[in-house]
Amino acid sequence: MKKMKRLPALFLCLAVLMATAACGTTTDVRPDASENAGETGGAAGTTAAAGESTPAESKGETGTSDTINLMISAEPVTLNVLESQSNLDEYVFYLTSAMLYRSVDTELVPELCDTMEVSEDGTTYTYTLKEAKYSDGTAVTAADFVYYMVKRYLTSENCSRFVGGADTYNGGLETCEGIYAEDDRTFVVKLVEPITTFDGKLEIYPVNQAYVEGKGDSYGGTPADLQYSGPYILDDWTVGTSLTLHKNPDYISAAELFPLEHVNLYYSGDASSLYSRYAGGDVDAVVSINDTVVEAFGVDNCYRYSSGNMYGIEFNTTGFTYTEGDGFVSRGEEVTALMQNENFRKALCFALDREAICGAISPSALPTNRYVDSGIKGTGETPYVEEFALTDVAPLSGDAEAAKEYLAKALEELGYGDVSELPAIRFLTFENIQQKTMAETFVSQWKEILGIENIEINLQPIQSAIMSMVYMDYDLYLQQLELNPDNMVDMLAYWETAGTVSDPAGFQAGGAPAQVASMHADAEFDALVESIYRNFDDASRLADMAKAEQMLYSAYVYFPIQAGGGYAITQDYVHDFVNPHVEGGYGLAHTTVDAH
Amino acid sequence: MDTQKKITLDFTPVDPGLKDADQIVRPSVRYWPEVWKRLFQNKLADVCLGIILLMILLAIFAPMVSSYQYDATDLLHTNGKPCLEHLFGTDTTGRDMWTRVWVGARASLLIGFLGALTPFVIGAVIGAISGWCGGWVDMVIMRICDIMLCIPSMIYMILILMVMGGSVQAMVVAMAISNWMGSARNFRGRILQFKNREFTLAARLQGAGGLRIVFRHILPNILGNIAVSLCGSVPGAIFMEAGMSYIGLGVTPPRTSLGQLSTSGIGSFLLPSQFHLFLYPAIVISMMIFAFFMFGNCLRDALDPRLRDEEYNARRMRKLRRQMRKAVQ
Amino acid sequence: MADRLITVKDLKVSFMTASGEIQAVRGVDFHLDRGETLAIVGESGCGKSVTVQTLMRLLQEPPAVIKSGSIRYTNGDIDMDIAARTDKQMRAYRGKEFSMIFQDAMTSLNPTTRVGRQIAEGILRHQDMSAGEAKERAVELLARTGLPAPETVYKRYPHTLSGGQRQRVMIAMALSCNPAVLFADEPTTALDVTIQAQILNLMNDIKRQRNMSIIFITHNLGVVARMADRVAVMYAGQIVEAGSLRDIFYGPRHPYTWGLLGSVPDLRMNLSARLASIPGTPPDLFSPPAGCPFAARCAHCMKVCMEVVPGEYAVSEGHMARCWLLDAECETEVIPPVGRDKTVFKTERKEEVHG
Amino acid sequence: MAKYICKRLLISLATIWLIATACFFLIRLLPGNPFLVANPLDMTNAERLMDYYGLNDPLWEQYLRFLGNLAHLDFGYSLAHAGRSVNEVIALYFPVTAQLAIQAMLFGIPTGILLGILSSYRRGSGLDVSAQMLTILTTAIPSYVLAAIFQLLFSVTLGWFPAGGWASMKYTVLPTLCLSLGLVAGYCRSMRTLMLEVGQQDYLRTAKAKGLSDLRIIFFHQIRNALLPLLTNMGLEIAGLLMGSYVIERIFSVPGLGKYFVTSINELDYTMALGLVVFQACVVVAANFLVDLLYGVVDPRVKLD
């Protein structure tokens, strides 16, 4: 009796799961039904699509709503613009503090900047500012920009470009000769020499030094510990849940831009609840949709944007690892010889079918053979990547035969009879579902195509993965690098002999043993990259860049896999919602919302 | 009386020597055989044991027999629906889910068993020392217990997974370090409970040493309880691993576990095309936990049949009432 | 004829368990008169507790089931068959007409409730009293049972009392509503001898004062000797011999009774002599033997004993036994081994005088 | 009594100090640099921040500083989230977690106990079987799976409750339900067993012999005694609930402490993690203390000394 009654529990168990299967199927219908409307959602003519639907829905035309509810999938880390480590914070700053220039519809337009003058020799930039004030009434002055720029904008990479920055930079400058305020309204930036990557359109925020120092450590901790000068003011930030903003009446372009009065940002770290809340109608737009749930929204309803970063496989060709106690330690002769063998590296690269891998794991990303964003303009109409194609590259869909040939050559050169004799190789990966799956797939492909079974995945939480990366404790590393569309050269500069990626543990600076070279030590490449910074001729600069790219590519130390991307979606009553920025922000400068 | 008299009554005495006094009387009942008998008479216990054994067998042999490697990707057959070729379908990179689920079950079962047993054994030894020695030893051990209970296990977990890498062994060690306290407290309590019982005293008077008494005399008395609580902590350990996987600290790839599979499946929970990635690992892990849990329950019933009798009678009574009601109608 | 309170006829009680039916009481007949003490004697598990608890319908039903028989109770206006009453109907009589004292007062008292409240609870249930009056009455009862400082005892918890004090509390509780019949289920087994004597005296006093009837369950024949007017010997769910105290102690006719009496230590006994005991263990009540249940252990077992259950044989007025040895056809002459020795309870009686 | 409380308070303080010390050093054993997160290449900046927060000082100096701040109950500022003070985080988000925990307990524990009582009273009935099924289901299905099922069922399909967020009571329903189901299952199971155990105690027979009604016996004798053992585990359980559940908070976007707890350790946010650990230790110690006191009051057999 008892047993008979308890058994149904088991079936109920299954029934619940089955029921959810059914739910999964039914919910899928919803995005499909609105497919027509969704496709035109981004365009201006949404009403045409609405016209097809029943008259009851026509009330959407009768009025507008002054509120938008957005779903964000990554939360800002801090409001403290000076300490911010993360580009996730930028869209908060975007909404909370005014800038010299602001990106509106993918273009940088002057905001607080009234005029900008460049000196004849191209080294001195003089900005005059409009009259503006913070929400607490304090006036915005040129000194506020100086304070922010020196404190935060200068990094060890770009410091040397500004007068007086190079020698004194030790991380966090107090002053810099080349950046100063002539008076309250005039802000001056002096370069050591003109460089191509600096066009004066600085996206920097005014920060009042007295205010920051008055707040001390608590600056930027809560919405109350911040001076607002941007289009919106943060009312509430419930960490892990929501940010609530309302329009700043004192904002300099309040009349022309940002028509919405209220912006509510909702955060969810969970992919399925992201979908549940959109489907349930709680939110008007989702800024970034996890690749795994894009399908649930209906890929056709979403639009893709580039996320401004790329994945690539990095090879540790130095043969060394840095340890806290013993300094530089050899990774072992065999592994070193193997990693330094170009044919072996090529074999690994050619074996990968990047098209299939990206398609399976991250549909929003595009497989690539380049180190720059694909959207960058060339000299004419054709994009740069098409105008200056690289030669002798591994096909995106892989080339198993070539890979096998390279492997055979490598084995011959190194004197191995068979792949099973190869030493163990450590493949460092982040603890992140996408990276993890990708690494697993690579290892499996290498095993299948090349028969290499000695590659171990070393999965680490982000913090310690980065530490391992900095200490070069890996043979292979799935490296994610930022692609800055404005400064394409920076990406290449990382790979100079003493560049940050090429020499992460500071082998050159840190007194490494003489025999240690950086991963990509090529004097010719260094010189080429440095010359690009000073070449103002568009055509030859781009040609040189392509040349540098080709050099880096052909060295096979950093093999490009994919350019990252993301998907966004809006309900069909939201208009002119754009992702202006490759960094995954969102543009509300012209966004309007119909009553719904 | 009259009817009895009609039968021929034989009043010849029976020789007491021929008659074994114990023969007709109740056979002496031995504890464990009786428990086993009761356990296996319970159909639910049989079903649970069957599920557990089946899962163990599948975990061991299914990946061996399968024509697919659990970590071999096949980019031409991604997100395949379950079919004869791939019983549980394929995942986003074309790996055979059937093989993966059972390889994952291997890790989960290992973690389940070892993760339940190791902290228990460590806790038992420490608890036994604490309970048996008493005095300041007991004090110190119990304070350490209290303190360790308050330190979030996340810290140990991350630390150990860092040092040892995310392997099954690391998970087990992490569980041993973060879970021994409960078992130590429990065991100490039991030892204290039995320490002054007569049979312990008798053993002590015969000159048996402390540990000998604990293991020879006290342990058998609490074996039943131990078995039940062990059965209960196996699902606990499996869950813990699943929880760690959700946080992102599980078994490292390409190895996998049911926790890993179901957490990565939860991301694609909403997609009809990938629903099987969530469904099968979730069903297998739920069934596994269900089986252990129910088996523990049945074992408890078998050890202490009173409760089961109670239930039996309660049901009987209700049945009788129902019959009576029907008869009245 | 004496004022007959309880008449039990052919009472059969079984326990239904998952593994089968346990026939705990297998056809029992006895009666109880007003003001008399009936002792039911037997080994543990022979069904004595079950019998008495059935009289109060205290058993969980099921597992317990009254298979057959009647329990007639007559007292003044009340005339009923307890066996046919429902649990609900019985509630009104429990505590009022009958009450019970249990063996282990420690476990029989609710550990988290003050003892006074536990007594007052019963009073409030049956008597139309205010809470204050009930408390007064409870204190009075506690005083009556000889507890010093009853007011303080009233407020104490069971675990703070000694074994004897707890049993006195139990008695106070049992007497709270002046019951006509008191069932005492081995009330002194858990106590040491001096306390035991005090409690027994107390019970005897109270019985005499209130003209109460007692059914006293024990396996201690010494206790029987000082308490009982009549004795019923139970074995394997049946009463194998019943009679007056004198009948049982001086003229026992059932081999089991002989065994019982023989296993009582005798002060004058030779120290080197082994204490007599009955070999073997009682039969399994899952499947009771076809014949006399005692046959397997009986030294005088005959073939008939193994095959047919013996009927009741009247030995004298009010004295009966169930044994084939008493059958007219039986030719075996057996001389009762005890009965000639009266010292057993004589010593006990002396002790009572001392106490 | 006062002496007992004083003694317990002293022991509690010592416990908290030991926990804080152990965690201080344990957390420092974790490899990695707290400032190398978003831009892993910016070592110079990371070094600057390490200096700024005094993390390059000798460990014992940092420890003494930590103890000093602890004495002032100042947990400092988060390393990962500049400007966010740990005290403020606790002040802002502990109430959220507490609200959720209290709601879950107020719903879960009485429901569980009631179900346990009912199913023990009507053993083997449909109710008992369904209660046991609930117990098994909620125990056998991982909480993140259950939460996702709830979202799908109650938010997307039925649209009754929002799938996430934290604004009004409506938002608390699903997370509360998810949190309390475990409690319901656990308490139902324990209570049922305890009721059956107490049901076999002699004193219930005594109560029956007094002629008391079934209801009175169950309420005044059985339930009262069955509830007591449940109290012992409540201390740790309450403390656990009060620290929030990472899984539930993440899935339902609840701004509770649980999420901070996990992420701060993951992010190597030393000050935040330590602050929260110490805070949790205080909660656990306080909860245990209160439960012990309560036990002493409710159970006359327990002597506090």
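First chain written, first letter: the chains are A, B, C and D, and each begins at residue 1.
Note that a contact is a pair of C-beta atoms (placed from the backbone, for glycine too) under 8 Å apart; a residue touches a chain by one contact, two chains touch by 3 or more.
Predicted model only: the values in this text are computed from it and were never measured.
Hopping across touching chains, the smallest step count from subunit A to subunit C is 2. Of the two chain pairs examined here, C-D and A-D, it is A-D that is joined by more C-beta pairs in contact.
Chain centres here are C-alpha means, and the one lying farthest from subunit C is A. One simple way to say how far apart two chains are is to compare their mean CA positions; for subunit C and subunit D this gives 54 Å.
Spacing of subunit A relative to subunit D, judged by their CA centroids, is 37 angstrom. As a whole-number value, the distance joining the C-alpha centres of subunit B and subunit D reads 25 Å. Between the Cα centres of subunit B and subunit C there is a gap of 46 Å. Each of the following residues of subunit D touches two or more other chains: 30-31, 124, 136, 140-141, 148, 152, 266.
The multi-chain contact residues of subunit C, meaning those touching 2 or more other chains, do not exist; every residue touches at most one other chain. Subunit A has residues 1-2, 6, 9, 13, 20, 24, 27, 272, 275-276, 461, 464 in contact with two or more other chains. Subunit C meets subunit D in the complex at residues 53, 56, 58, 91-96, 99-100, 102, 104, 107-113, 118, 121-122, 125-126, 157, 159, 170, 173. Residues of subunit A that touch subunit B in their complex: 1-3, 6-7, 9-10, 13-14, 17, 20-21, 24-25, 27-28, 271-272, 275-276, 290, 292-293, 295-296, 353, 356-357, 359-361, 429, 431-433, 436-437, 439-441, 443-445, 447-448, 457-461, 464. Residues 143, 146-147, 149-152, 154-156, 158-159, 162, 235, 239, 242-243, 246-248, 259, 262-263, 266, 269-270, 282, 285-287, 289-290, 293-294, 306-307, 310-312, 314-315, 318 of subunit B touch subunit D in their complex. Here subunit D touches subunit B in the complex through residues 15, 18-19, 22-23, 26-27, 29-31, 122-125, 136, 139-142, 144-145, 148, 152, 193, 196, 199-200, 236, 243, 246-247, 261-262, 265-266, 273, 277, 280-281, 284-285, going by the rule given at the top. Within the complex formed with subunit A, the residues of subunit B that make contact are 42-44, 47, 69, 71-73, 75-76, 78-79, 92-95, 158, 162, 165-166, 248-249, 252-254, 264, 266-275, 279, 282-283, 286-287, 290, 294, 311-312, 315.
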